[in-house]
Amino acid sequence: MPSEIVRLDGHIIDSLTLSKVLDIILKEGGEYRVLRFQMGATRSDPSHAEIEISAPDNETLERILHATGQHGTERTAGEVRLVPAPKDGVLPEGFYATTNLETHVRLGNEWIPVQFIEMDCAIVVEHKEGTPIARCTPMHHVREGELVVVGDTGVRVTPVERREPDDVFSFMGSDVSTERPKERVVAAIVHAMKETRQEGKKILFVGGPAIIHTGAGHYLEAIIRAGWIDVLFAGNALAAHDIEGALFGTSLGVEIATGTAMPHGHENHLRAINAIRAYGSIRHAVEAGFLRSGIMHACITTNTPFVLAGSIRDDGPLPDVITDVVEAQDKMRQHVRGVGVAIMVATTLHSVATGNLLPASVRTLCVDSDPDTVIKLMDRGTHQAFGLVTDCEFFLKELAAQLPNVKVVK
Amino acid sequence: MPSEIVRLDGHIIDSLTLSKVLDIILKEGGEYRVLRFQMGATRSDPSHAEIEISAPDNETLERILHATGQHGTERTAGEVRLVPAPKDGVLPEGFYATTNLETHVRLGNEWIPVQFIEMDCAIVVEHKEGTPIARCTPMHHVREGELVVVGDTGVRVTPVERREPDDVFSFMGSDVSTERPKERVVAAIVHAMKETRQEGKKILFVGGPAIIHTGAGHYLEAIIRAGWIDVLFAGNALAAHDIEGALFGTSLGVEIATGTAMPHGHENHLRAINAIRAYGSIRHAVEAGFLRSGIMHACITTNTPFVLAGSIRDDGPLPDVITDVVEAQDKMRQHVRGVGVAIMVATTLHSVATGNLLPASVRTLCVDSDPDTVIKLMDRGTHQAFGLVTDCEFFLKELAAQLPNVKVVK
Amino acid sequence: MPSEIVRLDGHIIDSLTLSKVLDIILKEGGEYRVLRFQMGATRSDPSHAEIEISAPDNETLERILHATGQHGTERTAGEVRLVPAPKDGVLPEGFYATTNLETHVRLGNEWIPVQFIEMDCAIVVEHKEGTPIARCTPMHHVREGELVVVGDTGVRVTPVERREPDDVFSFMGSDVSTERPKERVVAAIVHAMKETRQEGKKILFVGGPAIIHTGAGHYLEAIIRAGWIDVLFAGNALAAHDIEGALFGTSLGVEIATGTAMPHGHENHLRAINAIRAYGSIRHAVEAGFLRSGIMHACITTNTPFVLAGSIRDDGPLPDVITDVVEAQDKMRQHVRGVGVAIMVATTLHSVATGNLLPASVRTLCVDSDPDTVIKLMDRGTHQAFGLVTDCEFFLKELAAQLPNVKVVK
Amino acid sequence: MPSEIVRLDGHIIDSLTLSKVLDIILKEGGEYRVLRFQMGATRSDPSHAEIEISAPDNETLERILHATGQHGTERTAGEVRLVPAPKDGVLPEGFYATTNLETHVRLGNEWIPVQFIEMDCAIVVEHKEGTPIARCTPMHHVREGELVVVGDTGVRVTPVERREPDDVFSFMGSDVSTERPKERVVAAIVHAMKETRQEGKKILFVGGPAIIHTGAGHYLEAIIRAGWIDVLFAGNALAAHDIEGALFGTSLGVEIATGTAMPHGHENHLRAINAIRAYGSIRHAVEAGFLRSGIMHACITTNTPFVLAGSIRDDGPLPDVITDVVEAQDKMRQHVRGVGVAIMVATTLHSVATGNLLPASVRTLCVDSDPDTVIKLMDRGTHQAFGLVTDCEFFLKELAAQLPNVKVVK
């Protein structure tokens, strides 16, 4: 019966890591023997374990080692295996697929960190000026002949440390229940935003058009004007309805101030899009004095970068929309670097797409009135996200009220 | 081919009544001929129609006449048929089952109004001091020998007039979409509450425990203290968690101020219930100075009546809870008389139960974070209800902010 | 007080059209006088109305005439006004924005039908060999100088005839309640599919990846193999997980046959995508004998066309995915021509996108476990859609069981 | 700094128990030192830990000991403290509130098991023929002077053993996602039902009226006739609509076979209730040959006991309905004894009420089309429940198909 010894270090009891690893071994048909176990006597002491994993055959053993490796077990031998990509945009068979956790690869006797980690990508290793570099690389970026990590020997991932019990995010758990005090959650996210700024990291806002439909656009506008957002991800709809609101006072044809459907209304977003198309870009429309308020106006005048990613639902679209989805993804990839907090409001599509690109260390809050969006985000691998099932209108009103220096103008 | 002529009067075009009636005739296998039709030339003029309904056989014709009668068609002949109830709590076969619309029965040549109309009941006719009286009577109230209306000749219902387009409630439609400006809806309900008071009618509040769990209890408390609620319908859970909050600062064991789960917490509501049981009633606990804040305290000190109806989910329960559901229903029946506005927040059970008892003329707002509650309420016959899919915390905070003289104390 | 007379013809009572028109007039601040009203005596006779609409000022009057025109009122004077497009992709100010209803424009004394009607587009008029042609044209397709309809004089829309009460679709109503017998709804859609085929029209299937995740892929595969689908709209995810299932027996890493998560699993869809990228296209992978089962295999071998539209959530993507969303929309536009029935299962994005492109006359069924998807589809203008809130696994199993000649292979 | 030593034994790593205990200590402001830790080398070996817990003050220490005790830590000293109940239905201050986990109390040197364990109750200790007995007792059952456990020294709870990875229930996790193969889940529940029968335990079915509305009643009827259900919990609505279906072929007035709303329909359930009231009970109506099919008929003819618990929503109600909710709860209490599997379908009220009464060892499946019901059930303490978000029609059809000897008659 083949076996191999792995090491597991750190806060492996209170992070549940050890439990998960043992569970995986049994589930996959293996057996374990704990050879050594030294438990940290107090909360600050790490624990150490050495576990012998055995399995009925080599294939099963490899599968177990691969699976437990995703929770931090380190194989005691070996460095990464590198195989050249067979074609542009095609990875070699057996390529290592990344998680969104911090990852290192062993080259020679050194552990090299993998740059720009993101889930569901490959790892390309190259040498720059004699120094080995490991890059997390989406499938479509790989070029023929680049060296790609294959298998998982020599790969080590570091599970996210469990947050301190008094961390602002930790009290929320991963619960998606609607029955909890929301003001307190907003206080927690405000705290996290301030901390992130102090750490020199960025705040990302991802938003859907319901922000405009519910009349909450002016809260987000005020938050952007106060400088609290470093980058905005949205689609054609949010921008078009925001501009519709600025030009006509409606969103999807419903008068924002009164909630009354206007008979001409459903055309207003088309007229708004058409007008911006005539100017060539949102920036041109702002600079010409044509567009004078709203979220997009706030982004332009505060130089807050935004990515408007296209979707097949789009009317028009606005000239600023990136209609090629791969290009849009790549643009989003650039902007997520350095993000410390991500706030996702009222959009399943953009939330899941952004979640795909974020490292697990980014504190992520997903706000939606439908619990399904939050559940989907987590199901798709963004386990670090905290879900808040509530109205985006309520959330943004509270956020604007609790953030310093935000002046809401109706 | 048997046929009969019916009359239909009023704003039958813009209330869609005529369309519905013709549709029913066809759907049920009948045919119609419009003998006379006089359309109101302007909005204030009523229209009049005389329609000959024919059907392949008498049974089908009766079925059609019955169905269209529920939308206001009046059979040109006949008075009500009365049959004595065979036993206590049992109605005669073929009894007329009420709708929640204003209803009259014809006795001799007179149309008598049916008192206390409510859906799914019978109509009992009796004579008080020589005057005939028609009472809407739930099945379990009927006594052996009482005269019950059977069939639907001699019964006339009056459809609810369509609301004026500028009525505060009308703009909301019966849409349950979450994507609309909520502040504006709250303004509409505030307006309706003021109007109702001016008309000398009562405001009913129906609430579920999520009001407490989300930390919104102090808003409702303040609204009650300001005198805006005339009667409160709730269950053991709302009262128990409210009292738990007043005594321990928690709800379901979660600290209301911070949202943090307390380890003792899940027991606090039991301790709260037990303490009130020791006092014998909520009023005694208030008068003894033991219970000093919260929604129930506000009800007691402002003499706002409440009905706490039992359910099989209840712990304890509190001594004030009416554990017999038929008795609880009867108590609710008494209190809905004179209600002009009903606000239902975060409870499917109590909302549907109350909806069953309300005449269709009561302006009803149902607030829930789950669209299903609103859909269920309407599916069960409370078609007049307007649904607002949002957080109860947000709704009550807005309501407290927009109602005059409400002072929220945290 | 300015006024104008309009005509309204057809089954305007039982289709509710007259009620809606009068309602709009009042809501918009106008007044009406019914000058002439001739009601159809029986169900087969059309009614005719002549209504004088008046308003406080010309602007309001125009707004009312525009709004009622969308329900079929015909202005008694005027032909369309045509203005050249100022630039490629930009429409002239005041352009007429289309509905998804059958539409005609008046040129000289003739009413010309608008080809390929679709909501939220413009109408371009051109002459081909001396014959005037009116084309429904999306904003991005218009070329500088093309003549575009402006305003709404000379435009007439024809409301959808109300379906016969015994039409298979009509019994469903537009209800989104989950509490109705689903087998019967499936019987209705099967009936509609057969009728559509007899009329020589196409059946469109729009599907999301939950079809694969829930293990229902083999039902759809069997339905396609039996020839019941004429065109498939989906995204990268459905195709990738279908191919993942065919190659590895998993979907999102969960073993389809057992529902058990496989440890390697989350990578399988990446390996599937990578493998197809190596072949260059799904067709090549099928022809090489590499891909041997599944939905995409069924499409290739039965020559059923498909459009895989890209989204920013996509991994890979598969080489067949159209990554430019405008290009993907245009491809979908071509394929919706001639569609009589559209079945949308478990995808909000693709359902709403397809709904945008469909004429109102297409019988559309939207199946989703989340009522929100159905509500959104209708809110976005696809009012003809019928919603079925249920499991896609259940729906497809029933559909496969009720459709003739479908052989499900597990 | 006060401290105390506790023991923790069993499969405390893979059941996550140790992690939870350490987490609680830190969260509550305490510190720990692991004095001894012996890890089970293989899966079958239990682990043992001795942990010294310290806290800033005695009150905090007690709170921590109390909280960790709920996860199985055993205080090394002391026996239970017993205080007499001050009044009928009132517990002494500081009473120990039960969990739904297996519990023992220490009297003298002996650990006595607590009978009929259920969450949110008290423990009464009495002596029967010299033998001490500990009974789990709901608040309203306690009689003045009975000895009630106060505090938590001398109380030990036993966490539920983690299920074997190949247990049919374990693969489901506590996930409420809709995106998983449902047929496989049904196979798991069928397996669990068979196992339960072999162990001599009972199968409980809890159902709501949507079972009838969706046309799935005949599946449940067939399952009962085949002898698969030992006790049925429901409300007036399920029974009334079932009888309505048996008598009139409708449910809530919708024809079950066709899904078409019948015009008389909404009255049918009233007529059904009235007819049974005339007979005095469902059994009498069956025995008289009046009621000849349906779920209730199946219960009567197979002598399957049922509890119909009243709610304030009820029409009528049926004579078999227990209108007092406390009495209904007590009846349910009697019937849950010996239950091994509980299946809850399409009812939040009855599911949560039943969940309150079940020991944590009962395998519980909750089926609902709304994820909220499942989430609520777990939030309320029934952590052992597995949620299946799907149609009850689909679920019951599958269940009937997979269970042996079930003959469905349409």
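When the chains are written out, they are named A, B, C and D in that same order, and each has its own residue count from 1.
Note that in this section contacts are C-beta pairs under 8 Å (C-beta built on N, C-alpha and C of every residue); 3 or more make two chains touch, one makes a residue touch a chain.
Worth saying up front: this structure is predicted, and the values here are computed from it rather than measured.
A.B. asks: Report which interface contains more C-beta contacts, comparing C-D against B-C.
C.D. replies: C-D
A.B. asks: From the C-alpha centres, identify the chain that is farthest from chain A.
C.D. replies: B
A.B. asks: If you average the CA atoms of chain A and of chain C, how many Å lie between those two points?
C.D. replies: Once rounded, the distance between the two centres reads 32 Å.
A.B. asks: Using CA atom averages as chain centres, what separation in Å is found between chain C and chain D?
C.D. replies: Those two chain centres are 46 Å apart.
A.B. asks: On a C-alpha centroid basis, what's the spacing between chain B and chain C, in Å?
C.D. replies: Taking the average C-alpha coordinate of chain B and of chain C, the gap between them is 38 Å.
A.B. asks: Enumerate the residues of chain D that touch no fewer than two other chains.
C.D. replies: 27, 178-179, 252, 370, 372, 379
A.B. asks: Report the residues of chain B in contact with chain C in the complex, numbered from low to high.
C.D. replies: Per the touch definition, chain B meets chain C at residues 13-16, 18-19, 22-23, 26-27, 31-34, 37, 39-43, 165, 176-179, 371-372, 375, 379.
A.B. asks: Which of the residues in chain B come into contact with chain D in the complex?
C.D. replies: Contact set of chain B toward chain D: 24, 27-28, 63-64, 66-67, 70, 86-87, 89-91, 95, 97, 120, 139-140, 252, 263-264, 266-267, 270-271, 273-274, 277-278, 309-317, 323-329, 332, 348-350, 352-353, 356, 370, 372, 379, 381.
A.B. asks: In their shared complex, at which residues does chain D touch chain C?
C.D. replies: 171-172, 178-185, 210, 213-215, 252, 254, 256-260, 369-370, 389-391, 393-394
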